[in-house]
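Below are structures written as structure tokens.
Next come two complexes, and both contain chain A; in the first it sits with chain B, in the second with chain C.
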Partner chain A sequence: MLPELLQGVDAGGLIVIQDCAGYSGRRLLQSFISAALNRDETVHVIGFEVSEEELIGGLKGSSTQRLHFHDAFTDPLGWTDHPAFTVRQFNLDEVTHLVKQTSLPKAPTLVIDSLSWILRHVSPAAVCKTLQQLRKGGAVRAVIGLLHTDMHQRGTVGSLCHLATSVITVAPGMKGDEAVAKITKRSKSGKVMLDEEIFHIREDLAVIVQSKASHTGHKQPDPSEKETDPTANLTFNLRLSDTEREAKKKLALPFVFSKEKKTALLHSVPGSGRILYEPDANDDFDQEDPDDDLDV
Partner chain B sequence: MAAPVDSACKPGAQRSPFNTTSFQKKTRSKLISIPGTRPSVLNGQLLVSTGVTSLDFLLGGGLAVGTVLLIEEDRYDSYSRMILKYFLAEGVVCRHELFVAAAQDNPDDILQELPAPILDDVAIHKPAEQPRLSCEPQDSLDAMKIAWRYQNLPKVQCALASSSRFGHYYDVSKTMEPEIRQAAKCHRFYLPEHPAQSSGTHSPMLQSYTALLRSLQEVIHREGFDVAAPMSKSRNILRIGLHSLGSALWGDDLSCHDNPTHRHSLAAFLYGLRALLRSSLSVAVVTVPSHLIQ
Partner chain C sequence: MYTELNSILNSGPDSFTQGEFILLSDRQSDASFLVHHFLSLYLRARCKVCFLGLVQSFSHYSAVSQRLGVSLTQAKEKGQLIFLEGLNESLTLLIPQKTDTGSEAMDFIRDPTVGLRRLFEFVRCSLQSSGGEEEDEWGPPVLLVDDVSVLLSLGVSAGAVLDFSHYCRATVCSQLQGNMVMLVRCNGEEEEDGGDEEGSELLLKGLTHQCSLTLNVRGLPTGYCRDIHGQVEVCWRRKEGDGQNTQKKLFQYKFSPLEVAAPLALLLSGVRGRRSEVPEEPDNQEERCTFTLASGPRRAAL
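So, the complex of A and B:
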């Protein structure tokens, strides 16, 4: 599922990349940025944690005019007189103003590095509210954020991921530069898809998915048993040949009337009896417990 | 205690054009019966259906009017949302009034996703359609060879009028048709539409919960759901659905921190809600994301 997420984010989507101390999710974030640029999308990056060169240095190329970096690394708390972008400015109006400066017809993708930094200075409820407003606002097409799970309480991480349409949790893999990604994707209809993949990121920021993580003890499903034919191996003949079947169809059953009489009788006369039935508690038939006597 | 019923009475058999008998049960009670409710067999409390008949059975017949049902959400809020939608859809079918409040999704979106009710029509005698019936019934897939007299009857025939039944069945694969939905009166509360006003007094509740409670109180009083309101008008039930209370989008940090600063806010709101409901003809279903709350 990771390649599909990289190929495109639905409008109004919020992707949260959760990483831990063992494996940094920043490379994956850079892959998302480069994939969006390759799709000719405009990307706005708000960088709190690392400098511009470190985050998007490797992405300098032909498509840099569509990549806008907002420097929140040099002075995020506004200690100098002219801060570029402070953490207090992370609300709907300021971010919309920032993004609208480029004023292109297509709504851009917003990348935040990282949400953890903002959460240390702004209350989680306010961050959730801003993210929800950005999603629904329409100024921004999609939001991708990096979150360090080790830095926050479980409830904070949970609340933020509750809002997200897709959550990618990365953890170190077995060998070398491989990593394991657990992906949870929520579609608009409410369906939730879970997936687990092993991947590694190449030098050009392309993501190669190795294989699905193997579950231990996973058996192949047994091939469905062939249905045994109950009419075989009997001393008497239960099958019908074709001529016998024809003869059976032609047999006139009692009380089978001609077509005209049938349609005449099928008109319901007003005042004829009707069957009224209200399903009651006994109709809640449990297939697994037909006698209602299992003590589960 | 919910609105008590003096004598266990059933709504009188309604006259329909296809009534087979002219028998009509004489009701002696002065209390106007409300469609979609029935008195409990245990203590005479007025009950409404939650929309899920199995859940009604577990609750002892139905949900008592004047009470609050709290549902702890599952991980991805799929089943709790479904139960909330069933509850609201039941209100539409029984012609109750609805009040939907949410912070995450627009209440209009929730109302558009309501499941379609399965309303079986009684076999109607239409003399104008006689020529149409002459077409071959054997061509249709469910033409019956031996039991052909039952061919035109629907599979399940319900009572005379669907809305007088208690508890309906729904088809989750389809959404409710707009005509049925618009026939019901809905009140909405979408939190982003209510801007935060700084309250001068220190209140135990968050500003968002206060606004919600105030809005509820105003609706109950204006539409006449108070028990104390004059009995001359026909009474109806207000069904209140509150989605995901206690989540971060309501401004509550109960689900974010281990030691929240507003730890009593949600509890204070629920107390206020219970007090409000006790004196009105309404019933509430609240969903709480308890998996996030430590």
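So, the complex of A and C:
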């Protein structure tokens, strides 16, 4: 599903790329930028976490003519005299103004690196509102944002993800430069598709999906699985034939003493020891009735 | 300066990557030997160094550096080193003297909510070259902080510290193409969820997202050992050129005092691991090397 997302986002889409300290999702974000640039789309980047040089350095190979970088990296809080873009300016009017500076026939894609930086200074409700307005406003075609999930409370991350049309969670893979992406995609009909893919990003920012560790959300239970008889291919026999049943009946079980068996076992051999017992009246003394012997 | 550590990190007084943000962290261990390492490395590399020493006094750092073969006093006199003695500065703010000459860098102590803007301005003024001859004299600027967790205990929020480090990174690493080294200490267990979200754990995560190289010092997971004192996990992030996102290696180290006059030796055996896995087989021990250092990692408690 990852290549489909890279090929193009529907108008009004919001993609959130989630990462954590163990694996940075920035390279995947750059892949998205580079894919959009290769499709001749205009991309506006609001960069809080990387400088323009670093971003363009990472995008080598793609034409950066249609890339517009809005520098929120050098002074996001207005500590110096001439801030280019501060975190307070992250609202519908300012961003629309920023994007409209370059008049174009086609609405551009807006990339935010990263939403975490904004969320540290602006309340989650305001961020969600701005994102929703941007999606619906028509000034931008789609919004792609990076989010460091381990920096925020679960509720904040959850509310942003509810807003998104697609959520991609990246995590380190098992070996090498592999990574695992868990993708949740909501289509317009309301259908939710889940997918998990192992991918790696080539040097030219092309995403190569290596395998699908997929378990789709709306997976039908396999019909062939249901009909299989669990007793089909057993290595032992569950049922008995008539002859077998006869044989089973004939068999004398151990510890079940028939008359023959008893006599055979207790048969006295001449010369062997024998117990002689003559009942004695004294042996038959009943403790509970000491006067038993009295012939009353 | 540990030459072996230099070879692991592919750096040295003659050549090192510029524009790097190195994050040192320790968990129930002590990473201050790395602070001394980087201080002596950058002073030897003739960089202009701004050192925010918030934990120890100048004489402590000076004594350690003396044994590493670097004189802080001389560097300070030459203008190579700008040292902010946090202990002294905070004292002058808390107990104002008649001759109040303390800088305003630490004025967040009076009101922690104002943030660390003043401290950043101190750093910027210290490192931005005023032009002229000085530019030729010293190499790229370096900011060293020992350690940022102290700011948390002085009442500054983790978010404000992250803002400070962001501005420092934008100025020192990006604009001036210098380097930045910060130490964070975490005392809790790693799996602590939610409990310490506002504190050092959040700070560590936030700084990890910002940095390009992390050195994480911790004790051996198997417990005390006489021959190995701890392990350093080195993690390179953002190697755009290689197309590699993160690369992790695990090394084990040992301090071994030789003689009082002679330098202490640090024995380092490298265990290479992939990602977060810790290989336990002794076959994986590849490197075993000694690197000399002129001081122990002694440090008084806060």
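Everything that follows uses one rule, which is that the second predicted complex is superposed on the first by the 209 of 296 C-alpha atoms of A that agree within 3 Å, B and C clash if a C-alpha of one lies under 4 Å from a C-alpha of the other, contacts with A are read in each partner's own complex, and residues count from 1 in each chain.
Here is the rule we go by: contacts are C-beta pairs under 8 Å (C-beta built on N, C-alpha and C of every residue); 3 or more make two chains touch, one makes a residue touch a chain.
Just so it is clear, the model here is predicted, and its values are computed rather than measured.
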Would you sort A:125 into first (chain B), second (chain C), both or neither based on which partner it touches?
first
Between chain B and chain C, the one with more contact residues on chain A is chain B
Check whether A:172 is in contact with chain B, with chain C, with both or with neither, and answer first, second, both or neither.
second
Touching A:230 in the superposition: chain B (first), chain C (second), both, neither?
neither
Looking at the overlay, what does A:290 touch: chain B (first), chain C (second), both, or neither?
neither
Looking at A:190, would you say it contacts chain B, chain C, both, or neither? Reply first, second, both or neither.
first
So in the superposed three-chain picture, is A:53 touching just chain B, just chain C, both, or none of them (first/second/both/neither)?
second
Would you check which partner chain A:105 touches, where first means chain B only, second means chain C only, and both and neither mean what they say?
neither
One more residue to check, A:159. First (chain B), second (chain C), both or neither?
first
For chain A, give the residues common to its interface with chain B and its interface with chain C.
153
With touch defined as at the start, can you tell me which chain B residues reach chain A in the complex?
18, 20, 53-54, 57, 76-78, 81, 104, 122-123, 125, 130, 133-134, 136-137, 145-146, 148-149, 151-153, 156-160, 165, 192, 247-249, 251-253, 255-258, 289, 291-294
Spell out the residues on chain C that touch chain A in their complex, using ranges where they run on.
117, 120-121, 159, 162-163, 166-167, 170-171, 174-175, 197, 202, 205-206, 208-210, 237-238, 240, 243-246, 274-276
Under the stated contact criterion, what part of chain A meets chain B in this complex?
123-125, 128-129, 132-133, 153-156, 158-160, 162-163, 186, 190, 192, 253, 256, 259, 262-263, 265-271, 273-279, 281, 284
Could you list, by residue number, the parts of chain A that touch chain C in their complex?
21-24, 26-27, 49, 51, 53-54, 57-58, 73-77, 79, 116, 120-121, 148, 150-151, 153, 172, 175, 177, 179, 201-203
